[in-house]
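There are two complexes below, and they share chain A, which is joined by chain B in the first and by chain C in the second.
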Partner chain A sequence: MAEAVVRISNLSRRFGSKDALNDVSLEVPRGCVFGLVGENGAGKTTLIKHILGLLRAESGSVSIFGMNPVADPVSVLVRIGYLSEQPDLPGWMRVDEFMRYTKAFYPKWDAAYAEQLLEEFGLNPAARIKTLSKGQRAKAGLLAAQAHRPDLLLLDEPSSGLDPIVRSDILAAVIRTVAEEGRTVFFSSHLLEEIERVSDHVAMLHQGKLVLCGPLDQIKAQHRRVTLRFESPQATPPVVPGALRVTGTGREWTIVCNSAQLRQSTMAARFGAKIVEEDDASLNDIFIGHAE
Partner chain B sequence: MNLRLNPSSGIPLYVQLVEQVKHAIETGSIQAGDQLPSVRKMAEDLLINPNTVAKAYQDLEREGVIELRHGSGAFVLDSIVAREKLMQKARAVLGTALDRIASLDLTEDEIRRLVENELAIRRTPKQLRKKHG
Partner chain C sequence: MQSPIAALTWEILQRKQRWIWLVAALIVGAAFFNLWVPEDIQRDAASNRATGFAIVVSIANQIAIFTSLLLILAIFSYTELNAQTDAYGFPHRLFVLPVSSLVLVALPILLGVAAIELVYLSWVILAPFGQDGTTQLPLTTLLLGAYMVFYQTILWTFSRLRTIRIIVLGVLAFFLMAVGGMRSFPGDHISDNTLYARIAVAMVASFVAAWMYVTRQRTGGGFRRELLSAAVNGLADRLPRRMRDFTTPSAAHFWFEWRRCGLLLPGCVGGLLLAAVVPLAWYAHDDPSTTFRIPLVAVAMPIVLALSVGKAFSKPDFWSSDLSLPAFVAVRPLANQEIVSIKLKVAAASTAVSWMLVFAFLSMWLPLADRNTFSYIRAALSPIYGQSSYVLMALSLAACLLLTWRFLVNGFWTGLSGNQKLFTATALPFSLIPLELIPMFFLLRRNGSIRTWIRNNPNDALFVLECVLAVAVIAKLCIAFYSRKRLRSYFAIWIAATACVVALAVMLWTGARQVVTLEVYRLRDVLILTSLLAIPLARLGLAPSFLERNRHR
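This part shows the complex of A and B:
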């Protein structure tokens, strides 16, 4: 079994009266693509800050590559490529200067690979960073994060506010990382379609708590979306104990449920309704179901 | 190959990929001996996880649709393509037949019963022995 690159145990963190993280435990296996979803303020960035060693665990523990990122920041950070949501790159630097500057921090910087990325991203090495568009800036940040071939590529909402073409480029870069053996990707996003495309594992944070964590295929298979047709139109939504979400009108109602907890056939029988459609729930269904 | 995957549908991505590769063979857009893109290239083109592509390729190999040649890549197998060509021919004839009886307004169940009957009449004793063997 692949060892865990990130191991978080019972992590909690309060800011004032707010529980930013509440007893969160998760493991990121080596070589996987781990997607973290959650609405704004759910605790995603706080979690990432713990991984980077920027926050010390108040209660619980954080282990990255088997090391404590707060006690041993250099050993941990040198193996991580990090791209934040709004990359804060030095505006006055030219792209090539920025590359030279970043290279100084990472012994494993691969100059040839960096050049290749530069070309693929279509960045002008002579351009000053402040003249770059938002998308180009994101790519410059991604270049810096990837060029030293980090063991862990850590992306915080990498596609935030970017147009679809740039988003595709970033996603392609992530996939290239994954294809190289042994490298792990951890990215947080609220763009569920992206998460669904590339993640092996998914975790969902809601108000600081981990409401879901596991292999994506398993999670999707466990959650079913069932459409029931009733004999007569229902004036109010049917009450389905344990359902994540109930929507619809009249005779047809769609229920998103965890099939481990709720058997569709039993549910249908209880209402005297017929199952007319049944699917794996989409991540969107599951997300909304847990967030409501 | 024109592949379109829908990550949000209820169908796992690797299943969609398997189905679409088979469909591409059926329609002739890929043929026997053709090489499929590498796992990595396919993943990059479709913007999905390479593990998903690998899973789909493994399934396709298991079903005898493609052959994974160590070091060379994934190749479409001959026997399947030949079979698909036969299927294409049969589909054309069947399609014409169905068009011609469309005006009779039979239900789908009735049509299926007709097809079953015709198949039953044509079953050879050898096939029957195999079935009840």
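This part shows the complex of A and C:
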């Protein structure tokens, strides 16, 4: 495995009586696109804030590029490009002022690349940020996060609430970052098809706990989606050991399960059912299966 | 709930339910307390000549009355954060309810007026009130009702002013108190009916303004607002702006802070100079009686404004009520020490520009002013200071600059901490000045025991003051020693600034020792100790570590 850019060990965090993060451990290898999924309130933003050093680890540890982001924020943040769901950009600044302001903090700022992105995103340099649409604001934030060619691009639900064109621009930027430069991208999203499209590693948070973490291919290979047809209608869902999710009515039921725990043919025979469809489970199926 | 009005009333009262219980508890508690107090003491407490335990009864009641009235104001601050403007104003979520704007506006105002009248009348029945209190009952109740209407109107219509609304509301409160209080003094006053009618008209006008504003907001802000913002933006577009790159992160962040909050003090000073002081100076330039007042007002203005602006200046974001460090700043690769240092520099620049405006005004006004007044001052100072008068003036002006800067930076340790409770607690002494004046008035009233003791034993009083100041200086130096690493670069500035203030104190003492009958060396020590406290050191040393806790929660 490549050297880890982000290393989180046994991280826990409580907000009042709520466990925002519970004993989370993960590593993000250099040069990968790491997708973080989880339902609302699962702890995705809390985890990202720990990576940025905006939250102090209550227990456990967080190491970014081998450094503690709380103890040495300057050395860590100078190598990170960050874009949040609602970019907290100052509305009074103009786009060109915002670029000049951001440039000052990053010695590796690539002015030509920034200009290229500005043109690609169709942003007016003289426009005030408060006059930009939500999509344009996200693009401005992405420009600032990318133009210094960060070692780690950290995106917290970057395309949430944006139209498909802006979402595709953002994904294209992520892909380019990895393909052309081999940098690391860590991004959280509700949109599982996005994660599935660009990520090579996936982690899934559920109620503050890490329920899945690993290479996407491996995770997908571990899960199967099987549709069974029964001879007679079933009043209740069949009880399948190891099943993450059982849906359907009457004679046809679909089961999402961990393939390692299940032998489909045996299972079908035991229930007196016939397998009519069998496929790799989508990330959406796996996510819902673990979240329910 | 059967009607929208009932539902809205329930919501308004429900959101600050605890405070409503607190007001009720205060009133019930005070009622039991006053039942327990003997009648003769209550009579004394209601009079202006209260002594002994009657003072305690009077102060306790006055504090309870003010607290309950302040709580009522807090309960009816019916505002919510508008994400579009990032300011607290009329709750926009109500705009989609099938209720007319008139009802939306009238309901909180009427409830507020009813509540404040109810609470005040409860106190009139329960607390010992003097003759003045009962004879002025109609006027006081009317003024309280009027204040509630103005209060809600200002909170909604001036939402973009954010925290500055507190200043407007404070000035209005003092004005209405003056309207009520002036009638106790002998002299010609307008008739009661005329005064009541004027207040009622102002209340109706205020209500209509609030109603129209909310109606316009409900339909997207209206045409006029667009014109105004277009004009402001047009003006801003014509102003020269920075086109060069920043050489360092600190320079970039200085620019950011300057644009965000540094311009405000010079803007206020310049605005007040142009709008009030310049016309006044021009109008009264040949009136010798105003000659001394004009420079006094001009010089006092930056200091007084810094005192009020400073509280918001100390927050991570001047215009936001949220004390946490904005993510936009928190993710910049900038050390906490550097962020504090930049804010200190912005405060210094803000002070310098404000004073440059004052000096520019004075340099234009002085040739027009009546010179004789200044001859009197020179004649008074020359026998004591001789040629050193100019040094005294220079040191005084330097002290004024330092005082302005001090008021801007003094609260950094609380503002940057992100701790709302700490921030509010340190703001309370300023916001509750009327409340604090009550016990002060009673304790230091004419012929009161403390005032008499101070008059009879001035040197003992000076000694007590000296001890208090000495303890404060020791505490300051101890805390500064604790945070010495963070103060290394600032220490030289503190030494220079403090030396300036100490030199001024010593010069003032040289003059004062010739006229006062106190122990002169003790007086000198008091002045020096005071000047050692003038320039912040310990609190600025704490600011980076407090900011660190805010940034990495």
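Here is the rule we go by: the second predicted complex is superposed on the first by the 289 of 292 C-alpha atoms of A that agree within 3 Å, B and C clash if a C-alpha of one lies under 4 Å from a C-alpha of the other, contacts with A are read in each partner's own complex, and residues count from 1 in each chain.
Basically, a contact is a pair of C-beta atoms (placed from the backbone, for glycine too) under 8 Å apart; a residue touches a chain by one contact, two chains touch by 3 or more.
Nothing here was measured: the structure is a model prediction, and the numbers come from that model.
Placing chain B and chain C on a common chain A by superposition gives a fit, with no clash between them. By the touch criterion defined above, A:217 reaches chain B but does not reach chain C. Shared-chain residue A:123: touches no atom of chain B or chain C. Of the two partner chains, chain B is the only one touched by A:282; chain C is not. By the touch criterion defined above, A:172 lies against chain B but remains apart from chain C after alignment on the C-alpha atoms of chain A. Within the superposed three-chain model, A:103 lies in touch with chain C and out of touch with chain B [touch as defined at top].
In the superposed model, A:52 makes contact with chain C only, not with chain B. With the two structures brought together on chain A, the opening angle seen from the C-alpha centre of chain A toward chain B and chain C is 150°, to the nearest 10.
Touch criterion met: A:197 reaches chain B, while chain C stays clear of it.
Once you line the two complexes up on chain A, you'll see the smallest CA to CA distance from chain B to chain C is 27 Å.
In the superposition on chain A, the residues of chain A contacted by chain B and by chain C do not overlap at all. Residues 33, 168, 171-172, 175-176, 178-179, 192-193, 196-200, 217, 220-221, 225, 279-284 of chain A are the ones touching chain B in the complex. Within the complex formed with chain C, the chain A residues making contact are 52-56, 70, 73-78, 80, 82, 84, 88-90, 92, 94, 97, 100-101, 103-106, 128. On the chain B side of its complex with chain A, the touching residues are 5, 7-13, 39-40, 43-44, 47-51.
Those residues of chain C that touch chain A in the shared complex are 233, 241-242, 244-249, 251-253, 255-256, 259-260, 326-328, 330-336, 551-553.
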